[in-house]
Structure formats: structure tokens, C-alpha cells
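Dropping the structure in here first, questions after.
Per-chain numbering from 1; labels A, B, C, D, E and F assigned in written order.
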Amino acid sequence: MSKLSAPTRDKLKTVSTATLTTCLFKRGLRNQFLQDVHPLNPAAGPMVGEAYTLRTIPAREDLNPITVFQDRGHPQRKAVEECPPGAVLIIDSRKDARAASAGGILVTRLMKRGVAGIVTDGGFRDSPEIAALALPAYHQRPSAPTNITRHQAIEINVPIGCGDVPVFPGDVVVGDAEGVVVIPAGIADEIAAEAAEMTVFEDFVTEQVQQGRSILGLYPATEERTRTDFAAWRKAKGR
Amino acid sequence: MSKLSAPTRDKLKTVSTATLTTCLFKRGLRNQFLQDVHPLNPAAGPMVGEAYTLRTIPAREDLNPITVFQDRGHPQRKAVEECPPGAVLIIDSRKDARAASAGGILVTRLMKRGVAGIVTDGGFRDSPEIAALALPAYHQRPSAPTNITRHQAIEINVPIGCGDVPVFPGDVVVGDAEGVVVIPAGIADEIAAEAAEMTVFEDFVTEQVQQGRSILGLYPATEERTRTDFAAWRKAKGR
Amino acid sequence: MSKLSAPTRDKLKTVSTATLTTCLFKRGLRNQFLQDVHPLNPAAGPMVGEAYTLRTIPAREDLNPITVFQDRGHPQRKAVEECPPGAVLIIDSRKDARAASAGGILVTRLMKRGVAGIVTDGGFRDSPEIAALALPAYHQRPSAPTNITRHQAIEINVPIGCGDVPVFPGDVVVGDAEGVVVIPAGIADEIAAEAAEMTVFEDFVTEQVQQGRSILGLYPATEERTRTDFAAWRKAKGR
Amino acid sequence: MSKLSAPTRDKLKTVSTATLTTCLFKRGLRNQFLQDVHPLNPAAGPMVGEAYTLRTIPAREDLNPITVFQDRGHPQRKAVEECPPGAVLIIDSRKDARAASAGGILVTRLMKRGVAGIVTDGGFRDSPEIAALALPAYHQRPSAPTNITRHQAIEINVPIGCGDVPVFPGDVVVGDAEGVVVIPAGIADEIAAEAAEMTVFEDFVTEQVQQGRSILGLYPATEERTRTDFAAWRKAKGR
Amino acid sequence: MSKLSAPTRDKLKTVSTATLTTCLFKRGLRNQFLQDVHPLNPAAGPMVGEAYTLRTIPAREDLNPITVFQDRGHPQRKAVEECPPGAVLIIDSRKDARAASAGGILVTRLMKRGVAGIVTDGGFRDSPEIAALALPAYHQRPSAPTNITRHQAIEINVPIGCGDVPVFPGDVVVGDAEGVVVIPAGIADEIAAEAAEMTVFEDFVTEQVQQGRSILGLYPATEERTRTDFAAWRKAKGR
Amino acid sequence: MSKLSAPTRDKLKTVSTATLTTCLFKRGLRNQFLQDVHPLNPAAGPMVGEAYTLRTIPAREDLNPITVFQDRGHPQRKAVEECPPGAVLIIDSRKDARAASAGGILVTRLMKRGVAGIVTDGGFRDSPEIAALALPAYHQRPSAPTNITRHQAIEINVPIGCGDVPVFPGDVVVGDAEGVVVIPAGIADEIAAEAAEMTVFEDFVTEQVQQGRSILGLYPATEERTRTDFAAWRKAKGR
């Protein structure tokens, strides 16, 4: 798994998924924001971590009795115990929220193990409990039925699709109160740096607009005056 | 209509829809959780009651002028006045939320009459007002247009589909902050008992996991130690 | 653009979208409530204003590099600077929320310019920031990707569809915590007057129902007693 | 059940569903054409008959073992044996084509019994066999799984929705190679008469357009010359 | 409108939409094939022509009585009489096939006027008749209801979206038995030339594969032998 | 991969997917028929073979230039050259038909290599050519864009979902003019035997019904007379 550096992790905690998608768009990556995946607990703070993936297929009834979880090697349980601290467990549930991808006990265990967050393009059960945890969690909608009703966890840490986005193990997964974006591992450092810079400029712009300034010439900065003002603001703010 | 006993009603108020779906799954019932039906007022508390059903068909324009509600026998109005106290009014709106299934005045009337809750797989109008009522209410999404724009209420207390779930009059409808589950009338007592027991165990497991214990061997309880610890915990807690 | 009078604007701020759809339904207009369009900031207060429209088409990659916004004449930026104070900027995003229709900076600029609100049938980026603004804003769901990922703004102030509703420039757009309704310009005054009257009656009915009265004969007012009681109530309340 | 007269039945066999929807639209009925319901055997000829309805709900697993069909009173089997000759069996399958609404043997039986046709908004199994029968049949798409996998037939000859259209027992159901339209029983005679007249005119127009004439003034007939030409054509053709 | 040259038109008649999408993909255009738009009459031959567009919005009931067509300036009728010979009339129906975009008489008129084809992302009425015409026609699915039931034609020859594809007036629209692709006007000549070349190579490959050759090294032509063989084949075939 | 015996293969060629789903339903398997997957060439004859799977994820733009196919190890090309004769290549395209899963040349190569058929829950390009091949092929709808526009082939012969059905390598895939069913490898022999027996009975029933006999007592065979008649018929027919 690619190593996510501490400075990059820290930078990514200060930028929005919106800003990140713009940086990715500039590199021709148009499809890195998870579609229809929402935070259960937006106040849990930003989520940043390497992708640790879990793949599911539709459940076949004879292979998925309630007893499957007695097997310690069951991929869902294994993923919960082996997802590295600091990583994000991201589950390909084939956008099917008719049964849960996981529930409150497993999500609590992930939190206690120091995992950075959990994401599915299906739904979680015990969603009110999960919404009260300190761990960032993202799903499509609440879904009470136990996962084996519809899903069979089949493989750990292979490339998956989640919310129509390609996710490779080690990609950097970032979540905020808006949603989740996936950054290819190889460009995480440069994207983080660029997004952090963009954020400084956007904070300046927001302040100017709040003071009544027009966006024309300001955003984007096509006027010389904008660049001068920004330099001065930046100096004054020490950013 | 099947009689829902007071002890079963009380037990069902203490268990989650997630736990109930697991009990139903063990009996081969995989499809009892309403899909895409959400609480307007999750803090209104748990909802438990026998299903009192209302069926709709698409509205034909000539049969649904605004004057239809002058008829006291109109099934929607009749349902609101006749749904028994303690029951849940559950409406088959064919998953069509383009017009309302009901609005604030009718829902208030149901609350005053002692009904246990209201559910539709369409939408409610006056949803901000309904969200402020003490009555548990569940729908797909807010929908301002009056019901006769799209729906004609046609029959009371017949078997229906709601949120892709079969609902027979007298089935036990349980809602929490996650959503709504339907329990066949004939097994409500045994499901309630089993779910209450499961909840005790899950509370124990959650506490253990919060204290840092692994789920392996604990959940499910494949290790002898888990069973011993649980017995001790249960005794200590008096549950 | 049709002139929305101050009294009509004021009246429309006191009535619900639900009541308005009923008034429109009585005139044969069944399709004026935007489907699947939700408030980001329901507490921002009611939204009333003439429609100022923006139309988009799917983005063609070669025509939509990040540099397009350097053009001050870009329809999206032009719309933000030219939408009249008191009007509502309403965007036809073809119900596609896979990329944003606008973001926090532009919405802030609209707010500062005195615009009455912003509506899209797609999604907004920076949705957490927009949700904290005092400007009413409505969309389908949060969407971080920059608008040019999927949308090309192409025309200002032409008739559009938004949320499956026809919208002509100058139509009156009203939003509350439930959603958004569009009133044809030519009947805005009469609809506002009728809805204000209906609201008085519905407030009376709600109070009666809260006190335990049955809806039969009361709502609709088919009993003489209802009309007498209402007249007395109205007098007492000075409405 | 309303009596469909032989002359009306005959007329309806000569007009298209497109023409019928126009006649219905003129009476304010906008929603009588079944959405996403297609002919399996367009060459089987026009279908005209009174609606004999079958309603289904989602199947509950314990109530729908393979043995249910041993009950002669099972509504699906009963419907097949009791649907009157000349009527159309129309099934509310809740637009769910994941399991069949019926199969080849039952459809063959309906054909032998003299039924006019069969319609579902779900799917048929044995669709290649059904497509080869002389009986008009309409569905959404082929679906092999036996009906009890998803559907429980629950009621016969009650009002239903089918393909988003309201259908009352006795309504007149007309199908052609395009699809299916439902005519309220009370206006079947007048709609048939009007549609037959319209068809004569449209045949005239089509011939004129095939000969190179512009539609302006011709269709609709806003020019005096059109009316004169049509009168002459009609006389010449003896229609 | 951009001029489509006769040689380019001729070349485009000999290549498939599949080959064209590959040429477009190489230029970064990933989204030029109309989604869910199908030929009614695949045997009508290839369709090539400049886009002449018609835009619709959702129909408002009061603006769309049956009498609107008495107005010769109605955009739908105007489009049918003014779409240039050799052009393709392409309609933005907002992917809504619940009512027709056009019917048999109008499509016949277009054919007689020498138009190259007609496309909608909605549906046609009189679809069996249209399927029998010599004019290439493409839609989503048959739809009997008259267009004003759901659609109001509002503008002619402006940029539109159709089947999720951006279409500018003058773009080159190509259809075959698979579907429809839109080529930006400015690159039509080069795309046609490249596609014609690719088609020669693919014909060679298909012949080789039919004779039992592996695709490895052949398709794409990574082996020297492939290039030699192709040169020889081409010479022999005179292509 | 499990060995599919020649007698079982032969039997499966004589039974319908409808009959097979009933046999599977009796064993509690309700979800083995591929949803929304249709034959391109229903006359190509029945398809029977072991599943050889290909899994895709959404395409990331930088990883999927047109040059990827120069790599002989690309999973899509590898699958085409290595899928065993007699097997069925079945592709998990995540139900996304916006780009092709494969095209005419690859499908031709599979046919020449003796593969039994090809299935995707996405779409094929060159669909008119594929429809003319002797190889059974199944997809959702035609789709011209090259696969790398949306899909990255990522893994061969792992468990997948296809059309909402779980598919394990070696499962037996059967297709007819209705669609495709997946039989778990371990029960293929018994399912084939049971389905063949059922088919004999259903042929008898169909003949009886064609002669005017009621289905009551006949289908299912609840009457003694049915069993006697069937025994006689079977003897007479030598089946």
C-alpha cells in the first residue's frame, strides 16, 4: 500500500472535497467524487486515509445463512479486524442499499482500532448509533437488513468501484460534510499541495465577496488588482 | 385484526429495526424492511402498532376534483377517522412521491385520536409541520401537491405493498430512527421475545467493543469465554 | 419581466408551498412543484421572487476547460452578476447532480447582491457552507465536482424545465422548508390572495383538530357549524 | 361490468392507441396510456376488451411456496379460468418485472377460453412461446422466474394501477402494435366514434402528405381548402 | 449552419457509430453517443446530416390545449416545415417518453421534404407506421400520447442536450442500426476520414478472425506481420 | 472449474430458463435469472456452458488511453483468448451500458474459439454484426462507445455479480430466447434432470390446454386423472 505522508494527510484535512475535485479535473480526472454517498455524522470531522477495499457480490441464499459469521475468515469480519489504523475501509456494495453493508458494532470496532473512516455505496444498519460515533461514516441511505440478505463479502483489497468511482487499494480517500473523493495514490502529494494553495485563495475570495466585491476579475483572478490584493491579504494573514 | 399484546408492544419499543430484520431473516423472511422510507421526526420515539392499511391507485382526473373530500366516505378521510388507536396507518402510494399521501391536518388528527404512527412509501405535504409533531411519521420525501393530483385512495384494510414490502392488516409495524419493519402478525410475540434477548447480548457486545475487545469470538459468540463473560455481565446488570 | 407587487410578495411569504399547490390544482395546474429539490437551509426563511433562469446542456470536454471562467461573458458568471435583486436564480441542470450547478462563492455573491434565492434540479458544491448562508437555496443533493465536469451554461432567461416543472422568466418562485413551487406570472396576485385566505382557514382547522375535533364536516367545511365557528374565530383573532 | 357494445368494439379495432389518447386528452384525461408496456406479438392484431383486473402485492416467502398453486382458489389461477371471453386480463404487477406475472400455459388457456388479451406492467415467462400465440399480450420485458418469487396475486376485479394508469373493472382496454390505452367505461362509445372519425381524417392527411403537401393548414385543418378537399376525398373513398 | 461536404457525408454513410466513437474518444470526447436511443427502422439505412435542433420544456396545462397547433408558428410544426433537406431533426425531449415527441404524419412530412432523419430522446407515437417509413428514425420507446401532454416545443436551432449528449446546430449526426453519434461540426471531415480508414482495417481484421486468427498482435496491430498482411490485403482488395 | 458433463449439457439445451428458475426456486434460490439482460440473436440456439468470468471497475481516465490494448495481458483481451471452448464468457459491467463491454471482432474471435456464448449486464458495440453471428450473445442494450470509455477490465475468473445475480466461476450458465439463468455448479446435474422431467410434463400440459382442457387439476397435477393421462401420453410419445 502506498505510504500517505503525515504532511499530506494534514493538508488534506484542511481542504474541501469540492476543491479537490477541481484539482483532479485539471488533470483530466472527472469521476472521482462518489455519487449518492452521504455523511451520517458530518460533525465527526474530515476523513483522510488510504483505501482498504472490500468487494461484495449479490448474496446466494444457500451460501449466506446466519451462521457464516462464525467463520473468523469471513471477509467482512476479517476486513474489520485487519483494516490498518489510519486507513479508510471502503466497500463496493454495488450501489445496492436494500440490505446493510455493516452495522454499529463493526463500525465501533473500526473506530476503536484507529481506522480513519468507513464508506459504502450501499447503506448502514444501526445508522442512528453510527451517526453518534466519532468515526466519519458515509453511505447512501439507512438500511436495517443484515448484510447477508443481499451482499456476500468476497475479496479484500482489490480494485473496486464505489459510487461509480474507481478505487484502488492505497488511493487516498477524503471525506467532508459534502461527501467523499478518491485521489490516485501517485498524485496525492501534489493534489494536497495544490488544493491547500487553492483554499487560501478561495478563503480570500470568500472574504472579499462577503464584503460586497464582484466575482468578475476576482474569481478567477483575471485582474491584476486581484493578484495584488491577494498578495497583501496573504501577508497580513500570515498564510 | 390480530391482537398485539401489551408485553409484546412494550418489548418492540426497546429493540431496533436492525435487530428485528435479523430475527425475520432467520425465519426466511428477507424482505420486511421498507425501502426508501424515512422518519420525518426521528426523536418522536419508537413506533409500534398493528397495520391499518390504505390502498391508492393513480388518480384519474375526472374522478378527482377538489370536491371529492366533501364526501365523508372518501377512503382517505375515513381511514383517518377510523384507524384504531394504537394502530399504524400505512399507505400504499405505489412509491410515487410526486404528490402527497397526506398532510399536516390529517396527521394531527391521527395523533389526537391515539394512532401509533403513519407510514407511506410516497411523500407527505406540510412535512415541516409533521416533523414537529409527537407522532412518528415515515415517508420517502416531502411532497407539497395535494394527494388527488396523483393518488386516489380506493380501499381500506386490504393487503398492500409498501416500500416493496407485503403488508397484511394486523401485521405489526415497528419504526425507529432508521426506518420501518413489518412483522407478520402470527410471529410477533416470538420475534419480540427473540429480539429483546438479542438486544441484551448486543448491548453487552457493544460495551465490550467500546472497551477495545475484538469482534472475533465475541460477535457471534463462538468462544466459550464470550458466553461466560456475557452471563456474568447479565447478572451484574440485572438484565 | 412581470412585476411582482410588494403586497403579493409579502403574502406569499406567509403561505406554504402545500397551500399554493392546492390553489394551482384548482386551476388545472398539476405540475408546479419541483420534484426531488430540497432546501439546504430550511431556517433561511421563505423564498419569494421572480424567476431568472439559467439553462445548461451536457458539457462537451473540448469546450469546457477550467479556463472558460476567465470569460466574463460566461453565462453562469453573467447570471450571478446580473440576476436582479429580489429575483430567484433558477437553473435547469437536467436533473443531473453528478456535478455541481454552482458553489459557495457564487451563492454568497448572489446573497450579497440581494437576490431572493437560488434553485437547481442538480446539486451544489460547498453545500455545508451554503447551508450556513442566510440565502434560501434548493437542490437535489450535494455534489462536489465543478460544474463544467457535466454542465455547460448556455442561455440566460429563456423558458426552462426545472425538477420536471415548466419555468418561464418572470414566473413567481416560492420556497419554504418543504420545497419549491412555481406560479405563472399572470396569476400570482390571485393565487397569493387565495392562498392567504386558505391559510387563515387552515390555521383555524389545525387549532380545532389540536383541540380534538374530527375532520369530518370541518375540513373541508361541509357543516354549517364549521363556517359559523370559523367566522367567530376569525373575528376573535382579528384575521 | 359495463357492457361493451359490438359496434364500439369493432370501431376500436380500427383506430390506433395514438388517436385514442388524443380523444382522451381533449376530455382532460392525460394519463391513460400504459408506460413501458410493450407488445410481445404485434402481429396478433388489435386487442379490445373490458378490463378484468388482477392485483398483486410483493410475495412474502412463507406464504408463497411452490405448493400454493394446488389451491384451485388461488387468485391467479382463478383469474385465468374466470376472466370472461372478450375481456382483457390486466395485472397490476407494481411495475416489477423481476419475476413473471404469468407464463405460456396460462396465457394459452386464456386464449382458448376466448379472452381478448392479457396485459401486465411486469414481465411474462415463456415469452418466446407467448410471442408465437394468436393472443395479444403486453408486458414490460421477459422474466423467467415463477411469479411467486416476487408476486402474490391477492384480489380479482378491483380498481388497480397498471403502468401508472388507473384501471377500473369494465374500463375498455385497447392495444395495438404501439401499446395499450385504457378508456373509462362510461365514455367508450363516444371515444370510439370520435376516434373512428379522426382516423378517416388522418388517413386523408397521410395520403396528402405522402403526395407532398405541407402540413400547414392541413393538419390541423385550419384552411378552408383542407375541409373541401377532405369532403371530396371522403366521398370518393366512400368513408 | 456548418456545411457538411458531400465526400464527408458519403464516408460517414459507410462507417459504424462504434468506429466513430473510437475516433472521438481519441480526441478526448467520451460522451457523443446518445444513451438509450434506438432505431425504429434499422433497415432504413445509415443516417447522416447536420443537426437541426428542437428544444422542449415540460408542458404547462393552460398553455397547451389541443388548439395550439392551429398556430402555424408553433415551434414543432415550424421545425417540421423548415428543417433543411439533408439535415437531421433532433429533439431534446428531456429523456421523457411518457408522451410523444412527434407522430407518423409529421415524420412522413419530414421524409417527403428530404430531411435525413429524426431523433428524439423521448418517444414517437404511430411508431409502427414510422417503423415502416424509409426515413431513419430514433427514439427511446413507443409513446402514444400527443406531445402536448408532456412537452412544449419552445425553441428551434439552439444548443440542446439529447440522450445526455451535447448537440449544437450544425453538428453532424450519424445513425446506424446500433444508435446515434454526434460529431462536432469542426472535426467532421477529419473524423470521417479517420473512421473510413479504420473501417478498412477492421474489415481486414474481421476477415482474419473469421479465418481463425488470434486477436493478439492483430488487433491492435502490434505485430509487424499484421501490418504487412494488411498492406497486401488492401492492395488485393483495391481499398 | 467444475466439469459439466455432456449429458447434463445436452439436457440443459432442451429446457427453458423459465423451467430452470422453478427448479432453483424449489431449492430456495430466487435470484438466479439475470435482470434486464436480453438476447441479441435469439435464433442462435440455446447457450449452455460453465461460467468464465470477467470483472470490470469504472474506468479512470489516466489508466485507460486507447493504447492499453497493445498490452497482450490486458484482462479483456486475455479473457477472449483464454476462455475455454464450451464455456460462457460472462462479464460484470456493473449494469452500466453507457459504454460497450465488447465488440464484434472480439465476439467473433470467441465464436471461432468454440466458446459457448457471451453475456454482459452492460451493452455490446457492433451489435448489428453480433446479432448476425451464430454465437449466443446477451446484453442490456446496444452501446457504441469503446469499453475503456467507462470500463476497466480488472480480473479474470473471480466471483462476480451480473444482472444482480451471483456468478461463481464454473457455475452453469444457460440462455434461451428469454434470457439467462445461472445454476450453481454443484447442483447442475440434478437441476438438469429435474428440469428435463418437468419439460416433458409441461409439453403434455400445453398440448392438453391447446385442446381446450382447464388448468384446474391439470397444472399443477392435483387430479388423479391428470397423472393417468400423463402416463398414457408419455408412453404414447415415447418420452
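Simple rule for what comes next: a contact is a pair of C-beta atoms (placed from the backbone, for glycine too) under 8 Å apart; a residue touches a chain by one contact, two chains touch by 3 or more.
Worth saying up front: this structure is predicted, and the values here are computed from it rather than measured.
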Distance-maximising chain from chain E - centres being C-alpha averages: B
Counterpart interface for E-F, drawn from D-F, B-D or C-E and sharing over half of its contact pairs: D-F
Interface residue overlap between copies chain D and chain E, same or different (over half shared): different
Whole-Å separation of chain centres (CA-atom averages), chain C against chain D: 40
Separation of chain A from chain F, taking each centre as the mean of its C-alpha atoms, in whole Å: 37
Distance between the centres, which are taken as Cα means, of chain B and chain A, whole angstrom: 32
Junction residues of chain B, two or more chains touched: 30
Overall pattern in which the protein chains touch one another (line/ring/star/complete/other): other
Every chain pair meeting the contact rule: A-B, A-C, A-F, B-C, B-D, C-E, D-E, D-F, E-F
Chain E - residues contacting chain F, complex: 16-18, 20-22, 25-26, 30, 33, 35-36, 38, 42, 176-179, 181, 202, 205-206, 209-210, 212, 214-217, 219-220, 222
Touch list for chain E against partner chain C, complex: 27-31, 57-63, 94, 152, 154-155, 158-161, 164-167, 184
Footprint of chain B on chain A - complex, ascending: 66, 69-70, 72, 77, 80-81, 98, 100, 103-106, 108-109, 112, 125-128, 141-146, 148-149
